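Presented sequentially are two complexes of chain A, the first with chain B as partner and the second with chain C.
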Partner chain A sequence: MIRALKEKYKTEQVFWGVIFIAPTLIGLIMLNLKPAVDTIILSFQKSTGFGNQIWTGLDNYRRMFHDVEVWQAVGNTFIYALLTVPAIIILSLLVAVLLNQKIKGISIYRTIYFLPVVSTPAAVAMVWKWLYNSDYGLINFLLSKLGIQGPNWLTNPHTALLAVAIVGIWSAVGYNMILFLAGLQEIPKDFYESARIDGASPAKQFFSITIPLISPTLFFVTVTTIISSMQVFDLIFMMIDTTNIVMPKTQSLIYLFYKQSFILNDKGYGAAIVVLLLVIIMFFTAIQLIAQKKWVHY
Partner chain B sequence: MKSKTVAIHIVLILGAVIMVVPFLWMISTAGKTFAESVMVPPVLFPKSFQWSNFSSVINKFPFITFYINTFLMCIGRVVCSVLFSAMAAYACARLEFPGRDLFFGLVLLQMMIPSQIFIVPQYLLTQKLNLLDTIPALMIPGLVSAFGTFLLRQFFKGLPKELEEAAKLDGCNIWQTFVKIMLPLAKSGLISLAIFTSLFAFKDLMWPLIVNRSIDKMTLSSGLASLQGQYGTNYPELMAASLLGIWPMVVLFILFQKRFVEGISSTGSKL
Partner chain C sequence: MKKSKYLGYVIAALLLVLGVSACGSKNSSQSGKKTTISYAIWSKNQEAGMNAIARAFEKKNPNIKVKVEVTPWAQYWTKLDAAATGKNLPDVFWMHSQEAYRYMSNGILMDLSNVVNKDLGKKNYPQAITNLYTLNNKVYAVPKDIDTVALWYNKTLFDQAGVKYPDSSWTWDTLLENAKKLTNADKGIYGLGAFNTAQSGYYNYIFQNNGKVLNAQGTKSEFNNKDTQAALQFYTDLILKEKVSPSVQEFAENSEASFFESGHQAMGTFGSFYMNEFIQNDYVTKNCDVAILPKGKTRASVSNGLGNAVAANTKHKAAAIKFVKFLGSKQGNVLQAEKAGVIPAYTAVANHWVKAFPQFHSQVFVDSLKYSKVLPHSKNTVKASTLETEVLTKVFSGKESVDKGTQQIYSGVNDILKQ
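Showing the complex of A and B:
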């Protein structure tokens, strides 16, 4: 038995292998694995002040299921994802396809589209808040030139989440465009040549060559974009003031988690909220992992 | 030019305008007097550019400290996570030892879980270590990187094995082979990961916001957030502050554009 193991693993490799993974393993256990378990435990507890926790079983979850604010936040998170995910995918794919043509100035376009990605969300949110300003903002001024009376974007419950979503889309297109561009550049050009000779229209080429061949990238972008849109926090935190009346209509689950855990200091309830988000994200990721077998070609 | 090319340029220019106008508006507003900023119709170009907006926010808020804090946070995270990820990735790609697959499973699991689930216990750990309101606190969540380990493992797997065998024949042990042969070969992967790590550390808002509440321990992100909280309506100054907050990463991006693009491209191949 020991001899068999020795044959399989050479001593030197075992020695260095363990040393090489040690820092990352310890880090992952201390900073991720244990915290994940702790958060789940915390969600069954209530803080009694001074750092003491008492076990309350399913109380936080029971409270959550009757909490209108939580369900509103679930709804807001879904609406935000529905507003941003399709737009991000379509626009970044469109830009990538256009940049994949033989045209001049590709690197200038690429730089410009990528600028929001390297800008810190705190600054991005501030300038958009200013653009959306109902009295002095550039957006409503331009709308008024077209004869449209612009809304109070960030204080109107019908437009606030849309306004935040637009910034979310604007910020994410550049990043995913780069991913798509990398996928597109791997498609051999002669595929399109022969399709053209066969008389396939550009639309037909797009759906029967481009889409299947970039389906792994498309899958990756879809999964990661859904996950990150469900975790939206920065833009809401920066653009919607805590006293803004539209807050219940815009706050996401992560915003609510932040509020409960660090402002209201109810870390147990905050933990239950973040566990709910984990379950939702896992559910959507699992569905996509199953569905990908039908449409992703590796 | 063919009409198709013209059409492509029109669409791309339209998109580029939407991308760039917020930045131009940021610059223009940062140069206005307060009175100019609230004029209707809006003033596109300030009469004379008000550099005083910049000195005024620097006087109110310690931007130099924010730069130093942000820089130290990025350096700490980059050095630790790139080194540790490279070691773990090399072990996963090339060495055989018991528990390797279990370890890699843990790496994949971490990548699939939303990071907010770790935040409260990480905060409590930081508190227990007495590190709240310190620079090391900013580095804590980024000391190791599951994503980095995953990315570099792919990278090491793609390198030819012959070089390691040659090194072995020359009498190098595994550590020497790793440091002298493999790390130099993986340079572009390491740089990609370093860029990636600093970009995400730079943009991170929630963590610096919760661990460091004194103004002199804030990063650019959390500093800007607290600035907005205090001077919410003076937009010329807020825009000057935003420009002060974004220029370092924009300059880095323009200088190392190719690396940024390569780095991001290398992450999207497979889930």
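Showing the complex of A and C:
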């Protein structure tokens, strides 16, 4: 193989190539790859404190398969993903299409939609926690003006995850909108012009021109949104108190990982939970990579 | 071609040299005459007080500089754990009884037995606090402060309801009876707060009922104790049956003290460590005061105390020990009482703390020390109390009976302590 490479590239080129990608490569190996491998190793160990571990084989995994809390968290994570992913994709595509027109003050609208992305997640969660408060929260106050008795958003097991998901959607739309906007601006205007001449309705134009042409962006957004929604943590951590009765019904896998690793100091078990999440995410991403051949047009 | 190859080597060599020199400069700054030691704490409220003590210490020891570093409680232990793993601990830091065992048993803390017992004099501190940081007859921290719990009440709400202020004659019956009178559902006012917190909340009731949380050695749960269960039943009834307290849901949406601080809760059990927060709240200073806890079968108040620990592998051993000695000294404790707002562990100067808070009857906290019970702790307090909180959330919200809940805690905690 080395000989084949040597014939194809000049040593000089390889040398400089390596030098140039070194900063990224070293960063990737040290900050991403090595910790990932360490985590997998840690999941087969039991930590006895302060970086000391003993090898326990599959103990953590055996315990995990009998742990109701873990499977409840898997369920919670899936429900959260189901609530947020379709909404994020549809809303951000909709906003991107609407903001891809020549209207006055377009940059102001774009800024408004992008603002949640720039805000600190912790601060966002705190403000939303106030909005959701059942006593003095703005949301229930407005609902009461309409004659509706609002639910106890964050302490009712039926609404808590939905409440968290709404914040998740609200803060993710702006970022994906920007990606879609970039995709939309790549589409040549003449396609729409000729479609209009042929008498295609705006809806027809959207489904026959826009969707196929931004399918690479759509694919990218779908993959990243699913991954990030499976990794939800900060919103739950900030908005659901540990003494809240809905905690078992809202905690995600990452929250459980945090609890086991950093509150209960069971780092080995925490690592096993995160490996489970890794497997789940890899599974869904693999399915998408196979399915994309059918609908993504490059 | 050759030229560019050399250029690459030159760049690589340059990077190496730069890296090495960066490390070198770090070392050289330490070789100066002035030693800097770090002091890690978690309370923003006490930052000014700790800095005042550090400055007073620097005045006495001009060649030592103390850097006070504040990390909020939630991140403090994660950070300390990582620092201990990476052998990069702060020189001096706060220790809490909940976490102490792990650090003491793993050789992370320096043995300060001589400092506490001989140099400072162990008689100066309550034995119970020294015991929290003692393992196999070795003392690993200098007692820093001590806290107790008392009954805070809202004078204005008491006047409106025509109820006499709480005093030493109060029992559980008086407490419940008056809490009912003070509760006004239409106005959203509750008589009492029964929140899901051990130290400020239900542990006090358990001890007042002669109940226990753990056995004397801290190796077995006592949640199957009849008195413990009866106390928890009384506490649960305050929320669910008598409805004199905000519900678990209401407390989860707001902070523990928010109902009291906004005039929606007439009475609440809060520890002396709330003093710094209450003093900054205009509503509380104008309308509220504090009295001793009502008597159950016996008088009791939960007490805990922090310690100042030194890293076993500190590079500045002499300076760090000098500093903890100052922290534990009479002068350091007077400063702490006046500037940091916590009851000093040095028993003789507790009156300085009382004088610092003339707005309230602060003396009741010091008086409570006479019959205080130490906050229960074991070799894995964090795991045990996390389980306890999770189960009691269900009990206090009526999803689980006291009998079944305490049984779950009993067997769960015993499993944890066996590990």
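One rule holds in what follows: the second predicted complex is superposed on the first by the 267 of 298 C-alpha atoms of A that agree within 3 Å, B and C clash if a C-alpha of one lies under 4 Å from a C-alpha of the other, contacts with A are read in each partner's own complex, and residues count from 1 in each chain.
Everything that follows uses one rule, which is that a contact is a pair of C-beta atoms (placed from the backbone, for glycine too) under 8 Å apart; a residue touches a chain by one contact, two chains touch by 3 or more.
Predicted model only: the values in this text are computed from it and were never measured.
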Inset, instruction - Check whether A:L58 is in contact with chain B, with chain C, with both or with neither, and answer first, second, both or neither. - result: neither
Inset, instruction - Return first, second, both or neither, reflecting whether A:N152 touches chain B, chain C, both chains, or no partner chain. - result: second
Inset, instruction - State whether A:S134 touches chain B only (first), chain C only (second), both chains, or neither. - result: second
Inset, instruction - Go through the superposed model and pick first if A:F262 touches only chain B, second if only chain C, both, or neither. - result: both
Legend entry - First (chain B), second (chain C), both or neither touched by A:L99: first
Legend entry - Which of chain B and chain C A:L82 touches, first, second, both or neither: neither
Inset, instruction - Tell me which partner A:L115 touches in the superposition: chain B (first), chain C (second), both or neither. - result: first
Inset, instruction - Using the touch definition from the top, say if A:I90 reaches chain B (first), chain C (second), both or neither. - result: neither
Legend entry - chain B versus chain C, judged by how many residues of chain A each one touches: B
Inset, instruction - Mind working out whether A:F220 is in touch with chain B, chain C, both or neither, as first, second, both or neither? - result: first
Legend entry - Shared contact residues on chain A - chain B and chain C: 12, 16, 19, 133, 135, 241, 262
Inset, instruction - Mind listing the chain A positions that touch chain C in their complex? - result: 12, 15-16, 19, 49-52, 129, 132-135, 152, 154-156, 240-245, 247, 259, 262-265
Inset, instruction - Would you mind writing out the residues of chain C in touch with chain A in their complex? - result: 1, 4-5, 8, 11, 78, 81, 84-86, 102, 106, 108, 188, 195-197, 248-254, 382-383, 386, 389-390, 393-394, 397, 399
Legend entry - In the complex, chain A residues that touch chain B: 5, 8-10, 12-14, 16-21, 23-28, 30-36, 38-39, 42, 91, 94-95, 98-99, 101, 103, 105, 107, 109-124, 126-128, 130-131, 133, 135-136, 138, 141, 170, 173-175, 178-179, 181-183, 216-217, 219-221, 223, 227, 230-231, 233-234, 237-238, 241, 254, 257-258, 261-262, 267, 270-271, 274-275, 277-278, 281-282, 285, 298
Legend entry - Residues on chain B engaged by chain A in the complex (per definition of touch): 5, 8-9, 11-12, 15-16, 18-23, 25-26, 29, 37-42, 80, 83-85, 87-88, 90-92, 95-98, 100, 103, 106-107, 110, 112-125, 140-141, 143-146, 149, 173-175, 178, 199, 202-203, 205-206, 210, 220-222, 224-225, 228, 232, 235, 238-239, 241-243, 245-246, 249-250, 252-254, 257, 260-261, 264-265, 267-271
